[in-house]
Amino acid sequence: MDSFFIGIGVVLCFLMLLTLHRAIHGPTAIDRIMGVNVIGTKTTILLVIIGTIYHRVDMFIDIALAYALLNFIVTIAASRYFHHHKNLNPKGYGYRFRKEDK
Amino acid sequence: MDIIVILLSVSGLVLFFATTVGLLRFPDFYSRMHAAGKGDTLSSLIMLLALVFYNFHEMNLANLLVAIKILLIGVFIFMASPTATHAIIDAGYESGIQPWTKKPEEES
Amino acid sequence: MRKVYTFIIMMGFWILLSGKFDLFHLTLGVISSALVSFMSADLFMHETKGPGKLSVGIRFLLYLPWLLYQIGLSTLHVTFLALHPKMKDQIDPTIVTFKTKLKTDLAKVALANSITLTPGTITIRIVDQVFYVHAISRKAAAGLPGEMEDRLANVFERD
Amino acid sequence: MIWQLDLSILTLIVICAFATIMVKDLLSAAIIFGAYSFLMCLLWTEMGAVDVAFTEASVGAGVSTVLFIAAVHQTTRRVGFRKSGRGLSKAVGLVAALLTGLVLVIAEKDFPGFANPFTPASLHVSPYYITQTLHDTNVPNMVTSVLADYRGFDTMFETAVIFTAGLAVIAILRRYKKDDRCDLPDPHVISAGYPDTIIRFVARQLVPFIQLFALYVVAHGHHSPGGGFQGGVILGASFILLAISYDSRMIIGRMSEKWNILLGNIGVLIYAGIGFLCLLLGANFLDYSILSKVLPATDKIMARSHGMLGIETGVAIAVMAIVVSIYINIVSCGKYDKDE
């Protein structure tokens, strides 16, 4: 049963990798917030799964609980930024070494 | 008992996978938000339920408390996740992202 | 009065968290719950009218299974759309507005989050009584506010 | 150690770290850094370092990303860099990084092997803690007892460092002149948008639970991961959540600047005061076992346990006050009590 949970953890990591593409590539900063929010939820689940693998869920559960409560704060703070600065994707931003920077 | 756990976690994983694919495939910000906000909530709840079943193999106080704590995580996700979705989509609306529609040449 | 209610709820939460029932930890729990209810009782129960809350809570619990059923439907809907090979033919996003008849904050928030969790729709914002909703297809947009508002009005605003 | 998970999480972390450096938009960098902190917490958990993971969870999710976003909010999203001379500085940087890496690689061979049981630390210090902690102090969580009792002196000065950091932020950011104008439109920002019913309502409901959870973490640091620092940070994060969803006047109403600074002082004073109390009772500084003379119904071992709880409370109060003070000073542009 443990190897089953390890498999689930690895698949979740793979899904996080796919989500990370959205978080890193954008296109806008709000898409990034969305990606990070989804990663946060997956992290909460993965913490409980790791606890299950170690058979000490009572130790690991508090961290997951903290994430369930606090993940919300980052999302709200980041989305509140856009109530004051409405420039979503200003020119010349993005990756370094892109053409329009030069 | 193990069969229930495996069934629940695999279905949770499938839903997570669909969420992620939706996150990558949908054409604009608003529809991606549909995938991120909805798929995530239910699949997390299902995964947590599977873990509750797995950790509740024998009846005693410690196991009961752990199960209750996992369910509490579910409750907080259930409260916070739609609100976070709403906050993000509200920020997108505020900063003026145009929604994708069937005929893209009509806008602009 | 609301400090007492907050204290009772916080004490229950503490017992669930703590899992230690000796005198020392229970004393710490009493101190902590008193501190929290002193700090934020006015936040937790902003608009309470007293003991009428219990029946609302019971009716809300009865509403939850229906909501869970809707969440299941909506997740399957999103899954279907995401994995559909010709997804762009299936969706047709619009932003619709409608006016609600619910009055209290609690009912409006419950309605907004329910809309977010049901198939094809997400609440963008609430301005006074008007909801702005993003719907992923015309069919989902046509179903608003629909059955849900009546159910919530039944839960929260029945005397 | 589960190598499959280790490997996948490590890959994700490296990708995140590179993305944080490469993205030029500072807001996006702050957001991706949030994801980095999530993954870092997963890695600590996976290696079994539960207390460190808890610290990363509370600081990363609750405070640090929010502080970055607040700072970006008050300054600019743009990365400043010089147009000229980039080639030379990059070459110098590359050489410096390569040299440092080389030195580290050479030094690495003097370290003991990973998880080697025959190093001096594993032979002498660790076995003592592992076997004697429960007997000495009646505290099952070894990390708490090492931090708060065996090495209480270290932790006291760590608290003092945090306190000094708070003082430094106040000294740099706080503006006392009445007519001192801030260039930005609204000093009470990050939140003073239109009133958003949903966010306000849910934040209002969640804040008491977060606060109680923080107090639980402080009180149960003996038995499960957590302790004063983590609890204090979570407590501060609950106030920050209030400030974000309403505006910063909401905190100022609950905790004025005077009270805030006073609380920071009180926290450090509790820690040092317990130490001096031990000194007065005729034992060494921070030797809690002597406290059994003062506390009713405790023997020497329980006195050590209760002494640790006392200093954890002090740490929590100090950290909470400092976190709130840093946030408010950044967000309100140094005008903490503007309206009073």
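By letter and in written order, the chains are A, B, C and D; residue numbering begins at 1 in each of them.
As a working rule, a contact is a pair of C-beta atoms (placed from the backbone, for glycine too) under 8 Å apart; a residue touches a chain by one contact, two chains touch by 3 or more.
Quantities reported herein were computed from a predicted structural model and do not represent experimental measurements.
J.: More C-beta contacts across C-D or across B-D?
T.: The comparison resolves to C-D.
J.: Any idea how many Å lie between the Cα centroids of chain C and chain D?
T.: Once rounded, the distance between the two centres reads 32 Å.
J.: What's the distance between the Cα centroids of chain A and chain C, rounded to whole Å?
T.: 24
J.: Return the distance between the CA-based centres of chain B and chain D, expressed in whole Å.
T.: Here chain B and chain D have centroids separated by 29 Å.
J.: Centroid from C-alpha atoms only, then distance chain A to chain B, rounded to Å. What do you get?
T.: Their C-alpha centroids are separated by 12 Å.
J.: What are the residue numbers in chain A that touch two or more other chains?
T.: As it turns out, chain A has residues touching two or more other chains at 33, 35, 58, 65, 69, 71-72, 76, 78, 80-81, 83.
J.: Would you mind listing the residues of chain C that make contact with two or more other chains?
T.: Those would be 17, 112-113, 123, 125.
J.: At least two other chains touched by the same residue of chain B: list those residues.
T.: 19, 21, 33, 62, 65, 69, 72, 76, 80, 83, 85-87, 90, 94
J.: For each chain, which other chains does it touch, given as pairs?
T.: According to the stated criterion, the contacting chain pairs are A-B, A-D, B-C, B-D, C-D.
J.: Provide the residue numbers of chain B that touch chain D in the complex, in ascending order.
T.: Where chain B meets chain D, its residues are 76, 79-80, 83, 86-87, 90, 94.
J.: Quick one: which bits of chain D touch chain C in the complex? Just the residue numbers, please.
T.: Chain D residues touching chain C: 194, 196-198, 201-202, 204-205, 207-209, 211-213, 215-216, 219-220, 223, 242, 254.
J.: Note which residues of chain D are touching chain A in the complex, please.
T.: Listed in rising order, the residues are 2, 4-5, 8-9, 11-12, 15-16, 19, 22-25, 27-28, 30-32, 34-35, 38-39, 41-42, 45-46, 48, 50, 53-54, 57-58, 61-62, 65-66, 69-70, 72-73, 77-78, 185-186, 189-191, 193-194, 199, 202-203, 206, 209-210, 213, 217, 224-226, 230, 234, 237, 240-241, 244-245.
J.: What residues on chain C touch chain D, complex-wise?
T.: Residue list for chain C touching chain D: 6, 10, 13-14, 17-18, 20, 25, 28-29, 32-33, 35-37, 39-41, 43-44, 46, 105-106, 108-109, 112-113, 123, 125-127.
J.: Report the residues of chain B in contact with chain C in the complex, numbered from low to high.
T.: 14-15, 18-19, 21-22, 25-28, 30-31, 33-35, 37-39, 41-43, 61-62, 65, 68-69, 72, 82-83, 85-86, 89-90, 93, 99-102
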